[in-house]
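For reference, the structure I am asking about is given below.
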Amino acid sequence: MIEEIRNKAKELLETKTVDCVIGYEPATDNLTSRPVFIYEPSQVNRLIFDETCVHNLSKYLINRRYKPTGIVAKPCDTRGINLLLNEKQLRRENLFIIGVVCSGIRKVRFNQIENSMPTKCQYCSQHTPVIYDFLVGEPVTEAPTHNYSDITEIENMSPAQRKAFWSEHFDRCIRCYGCRQVCAGCYCYECFGDELDPLWVGIRIAPGENWVWNTVRAFHLSARCIACGECEHICPVNIPLMLVNRKLEKDTLHLFDFEPGIDTEIVPPFATYKKEDKLGTGE
Amino acid sequence: MARVGVFVCHCGTNIAGVVNIPEVLEAAEKMPMVVSATDNKYSCSEPGQASIREAIIENNLNRVIVAACSPRMHEITFRRALASAGLNPYLLEMANIREQCSWVHSDNKEIATNKAIEIIKMAVAKVIRHEPLYPRQVGITKRALVIGGGITGIQTALDIANAGYGVVLVEREPSIGGRMAQLDKTFPTLDCSACILTPKMVDLSQHPKIKLMTYAEVKKVTGFIGNFEVEILHKAKKVDHLKCIGCGICWQKCPEKVPSEFDLGLGKRTAIYIPFAQAVPPKPVIDLSHCRYTKYLTWVATGQEGKKPPECRICEKLCPTAAIAWDQEEQLFTEKFGTIVVATGYQTYDYSHYKEYGSRDFADVITGLQLERLMSASGPTGGEVTRLSDGSHPKTVAFVCCVGSRDQQRGRPYCSKVCCMYTAKQAIMLKEHDPEVQCYIFYIDVRAGGKDFEEFYLRAIDEAGVIYIKGRPSKIYQDGKKLIVLGEDTLMGRPVEIPVDLVVLATGMEPSAGADELARNLNISYDTYNFMVEAHPKLRPVETHTDGIFVAGACVGPRDIPECVAQGSAAAAKVAALFSQDTLTTEPLIAVVNQARCIGCLLCVTICPFKAVDYQTTQDGRLIAATNESLCKGCGLCIAACRPKAIDLRGFTNQQILDEVAGLWL
Amino acid sequence: MTKVITKEDLLSWLRQLAEKYAIIAPVTSNGVTLYKSVGSSEIDKINLNFSKTELSPKNWFFPPSETLFTIVKDELPRIIPASVDREAILFGLRPCDAKGIALIDKAFLAEPADVFYQEKRDKTTLIGLACLSPCLECFCTSVGGGPADLTHLDILLTETAEGYITQATTEKGKQLLTGAPRQEKEIIPPVLPSLNLILAEGITELMPRVFNDAYWDRVADRCIHCNICAYVCPCCYCFDIRDYVSKGKIERVRSWESCQSPGFTRLAGGYDPRPTKGAHFRQRWYHKLLYFPPIFGDIKCTGCGRCVRSCPVNIDIREIITDVQRMKV
Amino acid sequence: MAVSHEPRIVGFLCNWCSYAGADLAGTSRITYPANIRIIRVPCSGRVDPLFVVKSFQLGADGVLIAGCHPGDCHYTEGNYHTRRRFALLRPFLDYLGIDQERFRLEWVSASEGKKFSEVVADFTETLKRIGPREI
Amino acid sequence: MKQSAYPYYPGCTLKASAKEYDISARLVCAQMGIKLEELDDWVCCGAASAHGIDRLLSIALPARELVTAQKFKAPLVTACALCFSRFKFAAYELRNEAMRNLIKYIIGEGEIQQNSDGVIHLIQLLDNNKDDIRVKKLLNGLRVACYYGCLLVRPKEVTNFDDEEEPQIMDKLIKLVEAETVDWKFKTECCGGSHMLTRPDIVIKLSHRLLYQAKQAGADCLAVACPVCHYNLDSNQKKIEANYKDNIGLPVFYFTQLVGLAMELSPKQLLLNKHFVNPMPLLQRKGLI
């Protein structure tokens, strides 16, 4: 598997099909992995792929909008690429996607590999990349399924419990904006969270502002979040952000039968409408 | 620094009778940036406006709040007052303390007063963020495009041209005339359709202000009112119409005979043809899909397989002016127009979905329009109504109304409006042709709402002896030489079974093929049946939601000839009114893009109902949205959709609305 | 003989102290350990077996957001400065975190001192816990600290089977300890752990020479410019100040900011002197390793390893130091 | 029950239907509770979900968006988009602790002054019933 | 051979006057490796009268059987067109949650699943598994008019069966066994249905038209999928002939019997002797027995 990736990367760099391949290399704990940018064919042996390769590298493509780039991508990451293609941020001809079949990775932290899967993998059924030029691994034809038991659990709480649950989490937020910075779908030149005029979110790192930030961040990703789970993974204070994102994912699927990043041809739900939409808005 | 003046109106006792004005003034004075707060008995009166004017000048105000009635009532009035004081009129904000306060809270004066104060507070917070705005003037290309050369388009073009403005009429068929040219007689007057139509067609072709483009289609439309750019595709006629004198030798001698579209397959035409004798222009085109020489060329080009077709070229040999132009290709031209009138008309419903009526399997089941061709003296049978199966003259004829109309199962729930009258007309005409004919008309309701229509319907019963049977037939089938029509006479409550010689299906109207595509190109709305949607069905019947584009005739919905003509003239009047101005003023309350923030996801382009957002590519390859000030209507849909907040709506900016909300808690 | 305090006694002492002092101590909930204010009834919630908190204790003196003062518009505008109402004990500090506070002190307490910071600092006593099982990413010894370094603490506690060895280094600490129920015991002090050593020595001299090296661009490739490293760091202290208007009053608020955040050095008019990813990224390391030392006498790093642990893309200060040292310049 | 609580409703009304409907309620002298503060927007489609979130953050007890009936939008399709945004936002805010009864979308035409007053009365009643919002 | 099982609801007529339909259906399915498992303790589907009397009753009766059939992983198979119609209507109505709750309250048995594809007609079953039909004897030369009747195809949104005017599904099956099907316009016209009891004049007229048209179209027999149609066309044929002084003589088969013949099941097994219009002379003439 790793050899396949290295050989393809080498070929791409040698033939100058791309001038950089984004992949994974071992991290400094000699246990987990980290993103790496390979520019020279001689460097391809740094590339690895294993169960610790958690990062969604499609985030990096935004910085390389107009440069021919190769990328190693898991199925969830390829959905990110599709999202960016759909939103006209990338040009397909600039990309060479080395898709990797994935049946889930491990929950990792620096110096630590846990025996369980991260949330995103527990509920994921997309095991084959949705877009790729070169596939590593045997494609899985299993039909994707959906499980939102974690969301239903929160939906079933009483309003007061729910409010308390989220206060507990959001009050802890230090607004490092790591969730935004790591997100493949967050690429505004100036985020509404940084805007001064009007001041949507005050700089005060306090419950009210934290609530606005977390609500609107998620809502800006409604029908766009591709469930790579990076925001939750990197959150330094462990806010369960996937519980926020997946609520929107669930409702988007239910209301509009739409899953972001699966097919670039389908018009996303907020770019269109149906006259006969009912959507439980009291008609 | 904003200097806000607050003017509270008593509106007689309408406001002052409920709201405690002194208390409001006292509170208003303390609001941020408020320099003066005064009251008026009637702000909208001339003295009231004068006092506002004076206060603006005296206190050097640069923002004005008028706390009075609804802005829907007097916003324009007070904007003028600001302008007369030398202030930009858009620096006004109205606080609605009458309709939305004093009138609805007259039961509690204290609450009403508090609410009035808060309403003013919100307005102050918003007005501080107001900027001067300036309407823009754009020039007008005083030339109209009319799409469709039926009776509606002809009328429109003539009326615009007679008002002195240039017109281009585009028709996709080789001749203008449309559906009306196919008709024999018109109801209820029974005057000859061709006799009243063809003079207009000739007028049009000879009008100095009208440029006729037949065998051409509108491909792409960009721009906006006063300044449209339209790409028109001229299909290859293969005949040089400048040389052609329309002598007719070519179409008389052409050996290739094909079913005539104009005669709905009942007659033949040649491969080089004019659709009908009175066609305008009276010059032919070559139908390449049937031309023998073209087939020969294809045979040569594809490697000479199979039997060699004849090389023909008879038309070319016989043409006295050498007008046959084999090298003519289709061409795309871009023309500029100030307005566009859509008059693409209708086609009749294809009844092949009606399997119970044989879906075209029975030769002697024909449509109403086919019967028109059979009855027409210039038609394929020279006016003889005969059966297609054996050429005999039918003695019993059944008409079936509402085929493809008023039928929800077929997705055609609407009434086609003209069928009741045209079946009556055809029944009367058949009786006139042959007094032995007995006609039966199966109907759901006879709809005879129109001048002389009811009388005409009665005439069919009384004079032509037509038997009307209320009920939609359930089945038509062949039994020997006869057709059996099964149905129910719902008035009698009995099944009926009538053997007839000929069945005429009164097929309904539907928009011409391609109407939806054209509507999308023009960015005007169309309904589920592809009929164009007017801006308002009653008050703006020939306008669309896209300024400068008008609709007329049967492309909007089923219409009869007089209605089409009236609509054509109405659209022409709208066009002439527009062209009587030299420039157009555009509203400044529109969306503007902050290009530095735009991420080029182009959601706004997709979402804009008016195609007012387009995009540009920057030098470094970024896509950036750009709004068109003339197309934008200021709905703000794109702004709410824009994640990076790169678009904003003048007059209702994010900052303004947010401050208005926050004003409540200031 | 050494003075020790048993765990039970320690907790009851703290419970007693909580009547007078605000106690700030490590508490674990939802799998996250943070310094939180605990009342006398909540002393049992204190986690004494934590390795390292997710966020550093700097939050107490330099919170993510604080209102500096409030202006109320009554009849006349009035300025109400924020103030701390009672003295506090910051309990359970690791020596590295104590050093972090000392480093921030250098910036905030240098003349003119930041009064808001100073007031809280003066009213707080620091009680440390020696670090007997450091994390793999820890490297305090490489930057002049140590697992039981008591330099920057008022009191240091070292856990043994017999109880906690108590050491007071300052007057404040000694004063406080007098009230503690301690016993004299014969104790073999625990063996202090040894840590991986990297040689940070001389790094300040090397830094100017590699300023323009492409190295910074290459490492910045994978940096996502979140603020995590700065926000978890015990000695990063950048902030932003903004005024808030609401409900009839104006508040001046100070909040954390980070050199890695997108608009950090953008000037009015939009010009950014650190326009590239690399330059943006480089700032953090140059501040820590080059700009800070000559003014305040030490490199701005405590070796706590939080940034190493929390960085989503494994940007490792140890690696950066060794890479710079290896560069041929 | 404690002292009666006067909820505050922020209402975003489209200029063409609902704002005119609210005006009509006035012209017809139909009284309704004074708890609503109306913000005029050109179209319900102009209402950015952020406005709703901000209104709640600032302290609104309820937020109302009112627009033309589907099919009647002055801008032909604005309210269809509003409907979609609302359909997703409402359960989402509910999920994050804003009781869904605090957020409403209503179709009020220019001729429905009566309906507008009923909407405000009913909404106010609901908000009083569920009590003040802890912020 | 694959083995698959389907819940099967024969209905009252197939236990009595249309026994040959039931028997031939079971035989043909057995040959195809399909097991029809008759529902336990089934009750009336409500056909003919319930929906005219009480709407809830007309839904509750089939709903009870639908609940019973839920434990199978396969759709419920019906052979009688009337039963099919009632079951489809019930499934259609049960899409509504309020209706589901109401009916659940009435029948008091288990959860009602929402599944409008949960019912299929025997023709559909055969069509879905047509690869398993092993034709041993081709019915060459037999000219069959496929008569679907009114209930299978209407209303389309409820039964979702085939085209309302020009259905093809039975024709495809008959062509599969190499018999010829005639193109005629009366495939879904009314035979008069249960009016035989009250207004025989109407039934005789309508059924005569069907038989006459089939004969005109060149058919030498009819194939049907409904016991009521069969009754009207077969057992009434003598009466029709007498009434119209017309010689028709068209045997009326259940489509299962024709498929069965092609599987070399004997006429006796298929109960061909039960028909009023004796089909044996025709089959002998065509050399099929």
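As written, the chain order gives the labels A, B, C, D and E, with residue 1 at the start of each chain.
Following the convention adopted for this analysis, a contact is a pair of C-beta atoms (placed from the backbone, for glycine too) under 8 Å apart; a residue touches a chain by one contact, two chains touch by 3 or more.
The shown structure was predicted, so the numbers you read here are calculated from the model rather than taken from an experiment.
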Without subunit D present, chains still joined through touching come out as one piece
Measuring between mean CA coordinates, which chain is farthest from subunit C? E
Return the chain pair with more inter-chain C-beta contacts, choosing between B-E and A-C. A-C
Intercentroid distance (Cα basis), subunit B paired with subunit A, Å: 46
Using the average of all C-alpha atoms in each chain as its centre, how far is it in Å between subunit A and subunit D? 34
Which whole number of Å gives the spacing of the CA centres of subunit C and subunit D? 47
Hey, how far is the Cα centre of subunit D from the one of subunit E, in Å? 56
Where subunit C touches two or more other chains simultaneously, the residues are 246
Would you give the residues of subunit B that are in contact with at least 2 other chains, written as numbers and ranges? 596, 607, 641, 654, 658, 662, 665
Residues of subunit E touching at least two other chains: none
When you check every pair of chains, which ones turn out to touch? A-B, A-C, A-D, B-C, B-D, B-E
Over in the complex, which subunit B residues touch subunit A? Could you list them? 596-597, 599-603, 606-607, 620-623, 641, 643-645, 654-655, 658-659
Subunit D touches which residues of subunit A in the complex? 154-155, 159, 162-163, 166-167, 192, 200, 208-209, 211-212, 214-216, 218-219, 222-223, 244, 247-248, 251-252, 255-256, 269-270, 273-275, 277, 279-283
Name, in rising order, each residue of subunit E that touches subunit B in their complex. 163-166, 185-186, 189, 213, 216
Tell me, which parts of subunit B touch subunit D in their complex? 70-73, 96, 98-101, 103-108, 111-112, 114-115, 118-119, 122, 525, 545, 589, 607, 609-610, 633-637, 639-641, 649, 652, 654, 657-658, 660-662, 664-665
Residue set of subunit D touching subunit A in the complex reads 49-50, 53-54, 57, 70-71, 77, 80-81, 83-89, 91-97, 99, 105-107, 134-135
